[in-house]
Structure formats: structure tokens, C-alpha cells
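Read the structure below first, then the notes.
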Amino acid sequence: MDISLKNVEYRYQADSPFEHLAISDVSIDIPSGTYLAIIGHTGSGKSTVLQHLNALLKPTKGSVLIGSREIKAGRKDKNLKSIRENVGIVFQFPEHQLFEETVEKDIMFGPMNFGVSESDAKARAKEALQLVGLPEDILEKSPFDLSGGQMRRVAIAGVLAMEPDVLVLDEPTAGLDPRGRKEIMDLFYTLHKKRNLSTVLVTHSMEDAAKYADEIVVMHQGKVLTKGTPEQIFSDPVALIELGLDVPEVIGLQLKIEETFHTKFSKISLSERELAEMIAEFLRGGGQR
Amino acid sequence: MSKPLVTIDGVSFSYEGQQTPALKNITFDILEGEWLAIVGHNGSGKSTLAKLLNGLQFPQQGKIAVCGTELTEATVWEVRKNVGMVFQNPDNQFVGTTVRDDVAFGLENHGVPREIMVERVQTSLDKVQMGTFLNQEPHHLSGGQKQRVAIAGVIALQPAIIILDEATSMLDPRGRAEVIATVRELKDREHITVISITHDLEEAAKADRVIVMNKGELYREGTPEQIFEMDEELVQLGLDIPFPVKMSKLLRHKGVELTKTHLTEEELVTELWTSHSKM
Amino acid sequence: MMEKMIFGRYVPGESLLHRMDPRSKLIIVFLFVIVVFIANNVPTYAVLAAYTFLMVGLSRIPLRFLYGGLKPVFLLVFFTFLLHIFMTKEGPIILELGWLKIYEEGLRQGIFISLRFLLLILVTSLLTLTTTPIEITDGLETLLNPLKKWKFPVHELALMMSISLRFIPTLMQETDKIMKAQTARGVEYNSGPVKERIKAIIPLLIPLFISSFKRAEELAVAMEARGYKGGEGRTKYRQLAWGMVDTAMLLFLGAVTVLLFVLRG
């Protein structure tokens, strides 16, 4: 399913003394099957953009095209539910949305809201649990008896069980230990490939953005600053640093070396192995250009 | 050599109604003026250990002594003055309705006279660069700012030790850097001992000493160099290998000679420069 | 609608009323609530109205803002007025429209009582508009301090109040967040049959309850870690300063009261 935002503006608490312009003139295309990462520092409007992708927020100007549906500023929309069935969102700290007595019921909650029969929902719960790497015997437990990492996985399973075409992720790994973080990110990537999903990831980790995304959007003060492939975005690391954003560690190291040796490598490398290769070669050449 | 400020001796602890103990027979010392990082997978007992050091829980077995005083129900209030804690969630530790009220909270609890309080609130906020935010309400602050206010609230009591329990894990990279820089500066200037519980291995790599927790046990203790030499073993423990260590290994593999495995990018670049340039 | 409501909100400012000690303001409001009942004829109501509008003037809060913010409350006042007009059947009839008869006493009562209501609302709003919640809490705590002798938990109550005040914005954000998360899972809060909407509250309330509980627990731990052990032996950072203005304002209200007794019919 293709999604595209056209000149979207959003004001929180519009027409009140507390009105706040969060994003303006945001245009982003997300063709079916894309893995898009959105980066930018706190308050730059990333989460606000995300919430337009399944009509949780409605633009105060501009329009959002979700599949064949158009959400336009100033128009009443009915039956947004069908959009939400196709676009699943994993919020930050998703474990905060758990509420059912058992893990199974909680995972079934989403599908059943969208009219999936109980037996089908049960089957989906089982499958989703397997996907997130949890044992089946957890199904009958209360979600509140689980560890933080397990709760996170159950919450994610609850979104996966809706079998969305588009998966939207808002910093899904905050607070997890390094292994948990990697496992979850790998899981999303596998799903992205296997189910041919579109994935939109908001992250503060430049490593993840560089590693998984096909395309990166940089947000700054409510506007889209630049977009492009990871290679394009990170080929101008100085600009990112000036914005107060990090660059992936690999690139950071390359910059430090280039600066120390007063040299410039032929290209920006996004992989550790490749950078090591480049450095080794450079040093074999006597450390000079 | 600095002397032990805290001694932890054979400590075990189980939460009520829990079969597996959260901590099993933990013994180690914390030295005066050091930066000690505690790492370990989710649920490995790090927060529990921090709570014991502050007397928020008491061990079922073993002893803890802080600054020479054994930690008991009777001494806990004195000890708490010496051990400040900053928690993970910036929202859930902000007690006051404004920044100044929040910093004053701990001082009020310890019965500090008002004149001293007024001065300490200001100086501690200045120390964390929040001196101009006196009357701000918490929901108008960023996560990093809230955490710095929490730190101000802790140092206002002039403690010997600050424990950071994943104090930066809910922050964005910039907020995280701000908070760590603030603590580093305080440590150097005020000679505060820092215990930092963290999942951020780059941060742990910059500590003086690292403790690795695994399933409630103290798995390993050593300098960052020693710890990060463990390599794949760390991954087994739910952790990861810091980037400079990975790069050092890769470079060696590609035939670049290095005297040691480097823990920071600066060190790595410096060695490459001194040993390889202008040969 | 809700965003424009100013009932119970604080408007930052530097006016005379803003600078007064919260204790004197609390006492004045308390006394005013009693004094209002002295009025029983046109001159006394006129005095009360004059007093109230003088206070509004001193607060420097724009009338337009006050009017806009209290609009919903005015509806209530108007309703009170109508109620008295139709319910009171005393005195001569002054207007007759078919089955509807309006009596003189009804009109009189209607005007007086709704005016009383209006003045009370204005004066109490002025208190909250010019005093931060924490000042009100502080003022209350100090005023109620004598009750401690009878083991009344004054300090704990005040602390509870200030913590709730501090957490209201946080809880509002949380509610919004959970609502969005459940909406994304197919819950509908704004449409559908009433029965469905009521059912939709459960996935909101349970997580909200759990997270508030967790918050409270973490807050309690943080407070304990910072050495909190109840009101005993605690010093206070905030200091209230009773000034000349406060005494003067109290005396002024006293004078108004005397005048009301004199003019009372």
C-alpha cells in the first residue's frame, strides 16, 4: 500500500490560546515495500508525522493519501477503521497499552476489533507470539507477570497479529538491553522482507537508520530538511552534526581519521568491515595520500 | 590507591513471593572517587543492587557498609544523605511543582535551614546549567533537563556517591550526552563517586571500572579493557561489544598492527596516527 | 470549549492581587462567602457588586478574558435566575403571558440570588486566577496548621494536593497516548453505538490505572531515596510573606461588612 503526505501541516490544539504548530509543509512518499527511517532531534515532529500515517491525527492543512483513501484537511472522514487495519503502529513503550487478563486475549484484541473471528484470532495470536520469539506457554499468563522485555514483545505481537501492510515504529527499542534491541530490530527487518511490508521507523539510532532503511528523512523544526538513501544522507555528515544529530559510529570514525591524517577517502563507508579494509589499505600505502 | 567507600559483603536478596533470588551472594567494593559502571541484561539485578545501596531494601544475607557505617534500619537516614540516586523515568521522580521546589525537596526532608536551602538550590541548579529555570514546571522541560534537575536535587545534599540507574536510557542522544557530561564534571570538581547502571556500552567503556551482572550474580569485575576483552562472551550475556573494540579487532584482522584493543575512538585514532604516519 | 475555560486556571501576572499572600486571599474568599449572605436589598447588593468589580479591576485580568472564560458558568447563573422566576409565587403579578405568570417577588429573588451566585463565582475565580496552585496549597497548609494538634494530617494532605497538581498534565498526556494506541488497534472512541463506546473505556482505564499505580510506586521510592519520612523534622523552602497589603485588604473587607450591616433592610 502506498502512502503519501502532501504539504501536511499540523497544529496541536488549533484555534485556542495554546495552539502549537508542530509540523508544516511536510511531503513524504512511502511507496509499497519501502523501509523508511525518520530521524531528527527531540521535538522535531517525528511522532506527529507518524500519527498521520494511520489517521490518528488529521492534517490541519494539506492531505494524506493512504492506499486509495485520501484524508484531507477540513473534511469529515468516516470509517477510519479500515485504514488502521492496514497500518499498524508500535508506539514508544508499547507495553503501556496492555490491558487484558491473558497474553492471548491481549494479542487477539486488535484482530477481533477488525472483525476477525475468534478462532482465527487465536491462530494469529499463536503465530505472532512465535514471530516475536516467545514460548507458547506464555499465552495463558497475565501480561503483567512478565518481564519488561517480554511485555514489549507481547505488545508488538498484538500489532503484528493485525497483519498490517504497513508497520509504523516509534522508537520501538528504547530501554531494552543491547541484545533485546538487536533481536527486535532484526525481527522487524525479517518481517519487512518476508511479508513485503512497508516499514516506517522513527529512531534516534543512526546505526539502525543506516543499517535497515532504504530511505531516510531528516526532520528539523517541524519541516523535512532532507531525504535520500543512507549513503546520500550520511555523505554530508558535517551538516548532520551541525544540526546536533549524530552520525553512525562508522562514519564518525572515518571522519576522525580523515581529519587526523589530513586526507579524504574515496567514499563514505557504512559498514565496519569496509571501513577497516579502507583504513588498512590506506595505512599500507604509508598513511599518505 | 583510593580506599573502599562502600563494601558489599556476601549480599543476597529475594523479593517477597519470588522464588528465584534477585541477587545471589554479591561481594565487591566501591572505591572512593571512582566511576563504576554496572552492566547486565534486563532483569539481572542491577536496580535491585542500587536499591540496597540506598537502603530502599535490606539484604536477607550479607552486609553493606557505606562510608564506614553499616547500613541498617537505624542508620538508613544518615546513609541516604550520602548516597544520591537518579532514576530512569524523568517523570516519576519529579516531586515538586516547579524546578526550585523539586531541588528543595531533599533539603527540606533533611531539615536544612531555609537560608542555606535558598543558596544551595541556586548553586546546585547552576552546577547542572539549569540555574535560569527556577520557576519552570516539569511538563515544560525536556527529558534531559528533567534529569539534570534530578541531579541538582541530589547534589544539593552534598552526597559522597551518586547512583545513576539508567538515568539516560529514556533520553535522546543529545539529552544523554548532556546528562553524562554534567555528571562527569561534577565528579571531577566535587570528588563524587559515581555508580552508573547502564545499557550504553560506550559509556561503560569510559568508566574506571566495570561490573557485569548476570542472572543476579556478579559475573565479572574489572577495568573496561579487561571486561571488553570478553568479546563474544558479552554477547552471550545479552550485551554487546563497543564499536571501537569491534574496529580494533577488524583492523588487526586486516593486518593493521595495534598494541592493544582500544576502548575509545580517540585512542584508536591516536595510535594509528603515532605508529603509522610519516614512516 | 474546554481550552477556553478559565475556571480553576492560573494566569501569570504582577497585579496587586497576584502579589498578595495566599493566606489573606484564602481568608478573604472564605469570609466573602459568608458576607454575601448579609445582603438583602438593592443598596447592599450594589455594595457587594462594587466590591467584586473593584477586585476584578485590581487583578488586572482583562474583562474580555474573564467573560469568555466564564461563559459556561453564566449559563448556569441564567438558569438559576429562570428557576427562581418560575418557582416563586409571591407578591403582585407583574407580567402574564398565557399560562406563564411572573410575580414581583420572583423577579426580585431571581435577580438577587443569581447575582449572589455570580459574585461568588467571580471572587473564587479571582483567587485561582491570581494564585498558583502550589501557593494555594501552601496557604491552606499554614492556615490549617493548628489542626495538627488534633492529629489532623495537614502536611500529608497538602503534599498530596501538590503532587496531584504536578501530575495532572502528565496523566493527561498519558491518557492521550493510550487512547491513540488503542485507536490504532481498532477501538473507536468517537463514533459507534453508546454500548460500544462504553466498552471502549476498559482498554483505556486499565492501562491508565496500572501506569498511575506504577508511577505512584516509583514516585514513592524516589521520595524515600531523597530522605522523605513524613512531616516531622522537615524545614520549608517556600515562605509566605504577610504584608501591609494583606492587612489592608482584610480591614477593607471588614469595613465593607460593617457598611452592609448598616444598609441592610
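Order as written gives the chain letters A, B and C; numbering starts at 1 within each chain.
Assume a residue touches a chain if its C-beta (ideal position, glycine included) is under 8 Å from a C-beta of that chain, and two chains touch if they have at least 3 such contacts.
Computed from a predicted model, the values in this text were never measured in an experiment.
**Q** Building nodes from the protein chains and edges from chain pairs that touch, which of line, ring, star, complete or other describes the result?
**A** Shape of the chain contacts: complete, all pairs touching.
**Q** Select, from A-C and A-B, the pair of chains that is joined by more C-beta pairs in contact.
**A** If we tally the contacting C-beta pairs, A-B comes out ahead.
**Q** What is the distance in Å between the mean C-alpha positions of chain A and chain C?
**A** A distance of 44 Å separates the two centres.
**Q** Rounded to a whole Å, what is the gap between the Cα centroids of chain A and chain B?
**A** Those two chain centres are 30 Å apart.
**Q** Can you list the chain C residues in contact with two or more other chains?
**A** Within chain C, no residue contacts more than one other chain.
**Q** Looking at the complex, which residues from chain B come into contact with chain C?
**A** 51, 54, 56, 77, 80-81, 84-85, 87, 89, 91-98, 100-101, 104-114, 117-118, 121, 137-139, 153-154, 157
**Q** Would you tell me which residues of chain C are touching chain B in their complex?
**A** 132-134, 162-163, 165-166, 169-170, 173, 214-215, 218-219, 221-229, 233-239
**Q** Can you check the complex and tell me which residues of chain C touch chain A?
**A** Contact set of chain C toward chain A: 3-4, 174, 177-178, 180-188, 191, 202-203, 206-207, 210-211.
**Q** For the complex, which residues does chain A have touching chain B?
**A** Where chain A meets chain B, its residues are 41-43, 147-149, 174-180, 182, 204, 244-246, 249-250, 252-253, 256-257, 260-261, 272-273, 275-277, 279-280, 283-284, 286-288.
**Q** Which positions of chain A touch chain C when the two form their complex?
**A** 13, 16-18, 51, 54, 56, 78, 81, 84-85, 88-89, 91, 94, 96-99, 109-110, 113-114, 144, 158-159, 162
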